[in-house]
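The block underneath contains the structure these notes are about, expressed in structure tokens.
Per-chain numbering from 1; labels A, B, C, D and E assigned in written order.
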Amino acid sequence: MARAHDNRQGWGLVAPALIWTIAFFVVPFLMMLALSFAKMEGRSVVSGFFPDNYIRIFTEPSLLRGLVVSLEITVTVTVISMVLAYPLAWIIAFRVPERWQRLVLILTILPFWTSYVVRSYSWLLVLGQNGVINKTLMALDVISEPISMSASRFATVTGFVHFFVMLLTLTIFANLKQLSPNYARAAQDLGAGRLATFRHVILPLTLPGLMTGAFLTFVLCIGDYITPQILGGNNELTLPQLIMMQLGRRGDFPMASAMAVVLMGIVTLAYLFSARWLRIDRL
Amino acid sequence: MTAALSIQSIDMTFGEVWALHAVDLEIEAGEFIVLLGPSGCGKTTLLSILGGFLQPTSGKVMIGGRDMTHVQPKDRPTTTMFQDYALFPHMSLIDNVGFGLRMRGVGKKARHRRAGELLALVGLPDAGHRRPHELSGGQRQRVALARALAVDPDVLLLDEPLGALDLKLRRQMQDELKAIQRRVGTTFIHVTHDQEEAMALADRIVVMNAGRIEDVGAPQHIYLQPRTLFSAAFMGEINRIDGQGTGEGLDTPLGRLPLAANGKTALLIRPEAIGGSGDLALGPAKLVDAAFFGTHHRCHYAPVAAPELRIVAHLPQSATPIEGSVTELYADHHVLIVEDR
Amino acid sequence: ATALTAAAPATIAPAFAQSQELNALVWCDHTDPELVQPFEEEHDVRVNLREYEGTAAGLAILEQSQPGDWDVLVIDAVDVGRAVDLGIMAALPADELPTGDFFPELVMEDLNTREGTTYAVTEKFGYNTVAYNKAAVDPADMTNFETLFSGKYDGRIAIYDYYLPVLGMLSLSEGIDTGDLDAEALETLREPLFDLRARSSQVSEVVASQTALATGEVDILVGGGEWLTAVLASENADLDWTIPEQGGVLWAQSIGVLESSENKDLATEFVKYIVSPEGQARLATSSCYWGMPANAAAGDVLTDEEKTVLRWDDQPDFLTRVQRYPVPDAELDTAMQDLWTDMLQQ
Amino acid sequence: MTRALSWIYLALALGFIFLPVGMLVLFSFQDGRLPVPPFNGPSLRWYADVLGDRRLMSALGNSLVVAAVSSAIALLLGFLAAQGLARYRLPGTLLMRVVLIAPFTVSYLIIALGLLTLYNRTGIGLSLWTAGVGHVVINLPLCFAILYAAIGDHHRNAERAARDLGASEVKVLALVTAPMLMPSMLAAFFLSFTFSWDEFIIAFLLTRFDVTLPVEIWSLLRSGLTPRANAVGSLVFLVSVSLLLLLELTVFRKVRR
Amino acid sequence: MTAALSIQSIDMTFGEVWALHAVDLEIEAGEFIVLLGPSGCGKTTLLSILGGFLQPTSGKVMIGGRDMTHVQPKDRPTTTMFQDYALFPHMSLIDNVGFGLRMRGVGKKARHRRAGELLALVGLPDAGHRRPHELSGGQRQRVALARALAVDPDVLLLDEPLGALDLKLRRQMQDELKAIQRRVGTTFIHVTHDQEEAMALADRIVVMNAGRIEDVGAPQHIYLQPRTLFSAAFMGEINRIDGQGTGEGLDTPLGRLPLAANGKTALLIRPEAIGGSGDLALGPAKLVDAAFFGTHHRCHYAPVAAPELRIVAHLPQSATPIEGSVTELYADHHVLIVEDR
């Protein structure tokens, strides 16, 4: 098996993908890392090893705030999405009759296939002063003045939650379905009520899938520019918005790189935090 | 502890499918009952109804004299051992075995002591801290048994618990299962589709087919005196010769045999009952094929009277079958089954 | 579905078919097909357009490009000098430009010309002042910038998300000429800026501002002007704008040819097309935002209706009441952006 | 009781999920310039407008090409790598798997910025293809992971059988391995296509003039509030959903059997 | 076509694991050889070396007189039939069977004709257009056989081809496999861990254990005259009584038996060889346990001389074993194996 001839073939198969990933992912990242230690002087980049950008990120209140805002939004979104998606996946897996399950599942994730940009924008139509929610509530005389919902963190979180509830429902559903029904039966058989069955058996068994979903949510959410930009009304800026601002308005590449490196650092921390439950090959 | 069961005219349908059909069965306390039947015959369904995981479409389940048809699994005096064991992979063996006690509010210390005892009973005295995935198939099976026994059930339900094991281990676990059942005295209801396993374990075998009970009785009775063609064939290889009863005799392709039968009747003879001597003469036959099978030679005979027919006989180890030779065949045991249709 | 997919191959084809290409780094109003199409057809050329925001970003893009990548640049009139300093602008044939027909204030020779050489030409202008919804706001209140700080309209104000005009407006209201705005003066703007921010519900870009105003999300847009209300005029006649007593800020954009262009003649033709009366009329009413054409001769091409919406006849008066954008150097620019970011993250 | 609650929850959840999409589609038929209530009655003018918009249509064409080409490359590279790592005992297999999967656990923005740095440094001009490279980077881990999981030991014997019957290595891959993985290949391609088709930030930062549909929609959104955006969104939705249902009804139904 | 094989002192190591150890074997052309042994004993490894999928660490493989040790699978005159059949699921049966010919550049028409013939040979004459997933397990197995035979190999290697089938089908396929081998005359090397299957099929059985060959010979020989303890136990249940040979007699827990042996010697007796008569007297024993197994009663005896010992005997179906009764036991066949150590 361990013949040199065989291994050459194996290397030949792996090499293209490996080279691609190294050339267009690893090397660019390293270059960006190097660039993040350069600094702007006037409009020109001075390369070297200056920690200035990082110092600024962690000392300038407006930049530090971006970090905090991003983390707050991401954690909120992750928690809310999981709390909403779990029961939904549960109902589809165990309440909806088998033959309808696939259909209902497809329905729940159908809006995935609207354009991501348009989907955020469409929440403006729903949440706005003139949006359906306000119109409906006013028509029902629940409120007399329209309430302000768009251009706020609430809107950003809503837009995110919408997206991630779909994603998480899918992953949690898959997780629940692959669980042998005998686990729940065994627990009940041994005297566990519904709640105890869930707490002691179902939840621990679905935790890895749940954490994988949460990690994905975290990564996608904290790195997203579109949703806060469209729905947040610039009332607070997230890290990606600040990065885009460095690029778009100031042309400050080193600073943008430094912020991206910090973003990468947060993602790595999130990974380490959840690594216990993650299986990289299941992502 | 132990309890008797009474299953009263149970029907079970899934949509159009009749999974169980007018099933009646009385089980005594402490009996070892084996439900035997081919895949899809309704064994798991019946077991699930006893365990409370399914509600029968109609009929009643009495356990220990009380009607339990609509009682929740957690409130029944039954526990189930599942085919895939369903051990909780995130718990240690001690916690697995102690789970039922924990649900009953037993304190940690008492629970661990009892779980330890049960693990010792099934031969895993020092493995309490391990996780299920660190065990072999046979060891897992024992833990599942310990977990089921930990709550001291009146009735233990076992759904093909040995199905995943290899032959040798299966034999060994059969012996252990039987020994444990004798020790604890609990009523065991055991599902399998392996007739050897059924014979090795059962006080009584219940043969099922297509949702109905075909035959009930002690292993020897079912093997030697099957009530139906299905039951006869399912218990092991058998030669079937179709005939027409005339009152005094049975007309078969072998000629008229001196058997009292009326109407369309099947003559059934097991291969080991055929040989050079016996009380029923089958006439001359030619040996067309023989293979040594260790304990016996498996021989195919073509009767001279009906050369297209094949009769399988097991000749003793000491015989030296010669292919092509012609012998007079006799049967020393047989069964007649009148076909209804 | 089939219509879309069938259309696809047909529409990709032109991307590769034309040989002549002109690459322009522009503001969003130039991306209206109705503006560039006539030029493309006339010269059998494909005009590739890339938008950018903010001079710094535009200059960064140019810096990272290869020679020959870009032919035409649209830039804030007040920043032409910065570009000239960098030596990236090519000389324009001044005599071929119709600056004689321009509104005199918009020729802006001091900005577009250096030592007798013309490097850019003004193409469009307008005002950053206060836009509002007549139906919800008392127009009389809008004549004084101070009313915004009175508390009467708290929560119904939006700020246009561009630091230069808004800082300019604030400096006018503080009595500082935009031209005198320096690092020290900038600090005095911090407090009113943050105060204004506290009273407003969002800081938004062009479309978000339009949406907010059109849907009644907010009633006042600081930094707004005709460029914002004109587009919506046909939808909501109540949208209006005014220049308060304190004055307003004049914005103007210039267009020029890049020194590194390998296609200078065609690029010059494009500049000439844009400042021609036809080009000017199309640019004035292009889809992203409207604005006054620098070339007054465009008045002959525009319809009366369009001219009404643009308030053509009020221009002489307006032009006397406004000041130009502040012109920060790199350092001040960074300081302004930092202040702006601080305000956003408040 | 809990049963009723379940159905209510399901209905509410579906309502939440479909609310924005419903509004989007509804106001794509708005007869007026603003896609906000009140609804002024159905009109198809925005669809006509969108279908007649050269830039939008060419962006749509660009998106299709980039998605198809980048997914095909990602699929090919992913397939070869999965086969190599699943079938051969190479030193450092785990490390290679981690490297191949890593881009999947990183924000797109970081990948885009990295590539932008690379292109700036090396003087590679931005174009559709530079964005396509980025899309391969994000889809390669996906294709690799799906195919790596799908390559089982039961397939190993089929490959051996083919070799045994005289097939060369290339023929084994082309005639046996790849066709046997067809369902997973299709799934991987479809997912990659979807991701590339809908990806914004990489396409935004790494293209110049020819842009993909999401970027074009973004500039559409930034250049005026019109129901055109609704119309484009609805069209994209319609196309993708028809494609999805078609796949579901044909390929995947067959596969599941 | 057919060819002889010569396997010459083959060693195979995987890192630390010795999968094969000094394996020597001569196989005649046209023989039906069965490699029999427990899981992990190296059967698949040996087969893979013959097929060319593995290269031995040392040793030589000669096929038809030519050294083939380092020849690629595609260039060997062997084909392999895999345990999972390894049919190409995306090809029709005709294309599956014709694959080898296609690789040899045979035209479509000729290939299809030949594939059709082979499908007919294995009893699937009209199924050419179907796909593997539309077939039952037994049918798939036949297609795999047809595919392997299509390239006219000299040697056919079969790796547990019947392992996945249920008992009934397995019996039937064994008969067919044997019949086809007789018809085509190709050398068959068949791997299994089922000793019944080995006996049913083999001209000669090769018993393997832990990478070594323990025993080679005809089925009857290996069952009745095993060369090693392992081989004896693997061919079926056997009673083992350890003794010390004194020259004239064998001292065992049952007392001194009149058997000529020297040194540490094991007396081996199959359960069916024990009963009320025979040429070797084992002394009185008490029946402690009996279960009906259909063809026989499986009984456990405790010899009176050594009550801790258990002797398993198979009594005939007609016997009526009474638990607790004491009988004189005799053996009518036995084997003595001297333990080396």
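The rule is short, and it goes like this: a residue touches a chain if its C-beta (ideal position, glycine included) is under 8 Å from a C-beta of that chain, and two chains touch if they have at least 3 such contacts.
Given the structure is predicted, the values throughout are model-derived calculations rather than measurements.
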{"item": "Farthest chain (mean CA position) relative to chain E", "value": "C"}
{"item": "Which two chains share the largest set of C-beta contact pairs", "value": "A-D"}
{"item": "Centre-of-Cα separation between chain E and chain A, whole angstrom", "value": "57"}
{"item": "Centre distance in Å when chain C and chain D are each reduced to the mean of their C-alpha atoms", "value": "36"}
{"item": "Inter-chain centre distance, chain A versus chain D - centres from mean C-alpha coordinates, in Å", "value": "17"}
{"item": "Between chain E and chain D, distance of the C-alpha-averaged centres to the nearest whole Å", "value": "53"}
{"item": "Of all residues in chain E, the ones touching two or more other chains", "value": "none"}
{"item": "Two or more partner chains touched - positions in chain D", "value": "36, 120, 221"}
{"item": "Residues of chain A engaged with two or more neighbouring chains", "value": "1, 128, 130, 230, 247, 253"}
{"item": "Touching residues on chain D, where the partner in the complex is chain C", "value": "32-34, 36, 51, 53-55, 57-58, 60-62, 64-65, 120, 123, 125, 208-210, 219, 221-225, 235, 238-239, 242-243"}
{"item": "Chain D partner contacts - residues on chain C that touch it in the complex", "value": "1, 3-5, 7-9, 11-12, 14-15, 23, 28, 31, 33, 48-51, 64-66, 69, 205-207, 210-211, 214-215, 231-232, 234-235, 287-288"}
{"item": "Complex contact set, residues of chain E against chain B", "value": "39, 195-196, 199-200, 219-220, 223-224, 235-236, 270, 272-273, 291-296, 314, 317-318, 332-333"}
{"item": "Footprint of chain D on chain E - complex, ascending", "value": "51-53, 72-74, 78-80, 82-84, 86-91, 99-100, 103-104, 133, 147, 151"}
{"item": "In the complex with chain A, residue positions of chain C that touch it", "value": "52-54, 56-61, 63, 155, 161, 201-205, 208, 211-212, 215-217, 330-331, 334, 337-338, 341-342, 344-345"}
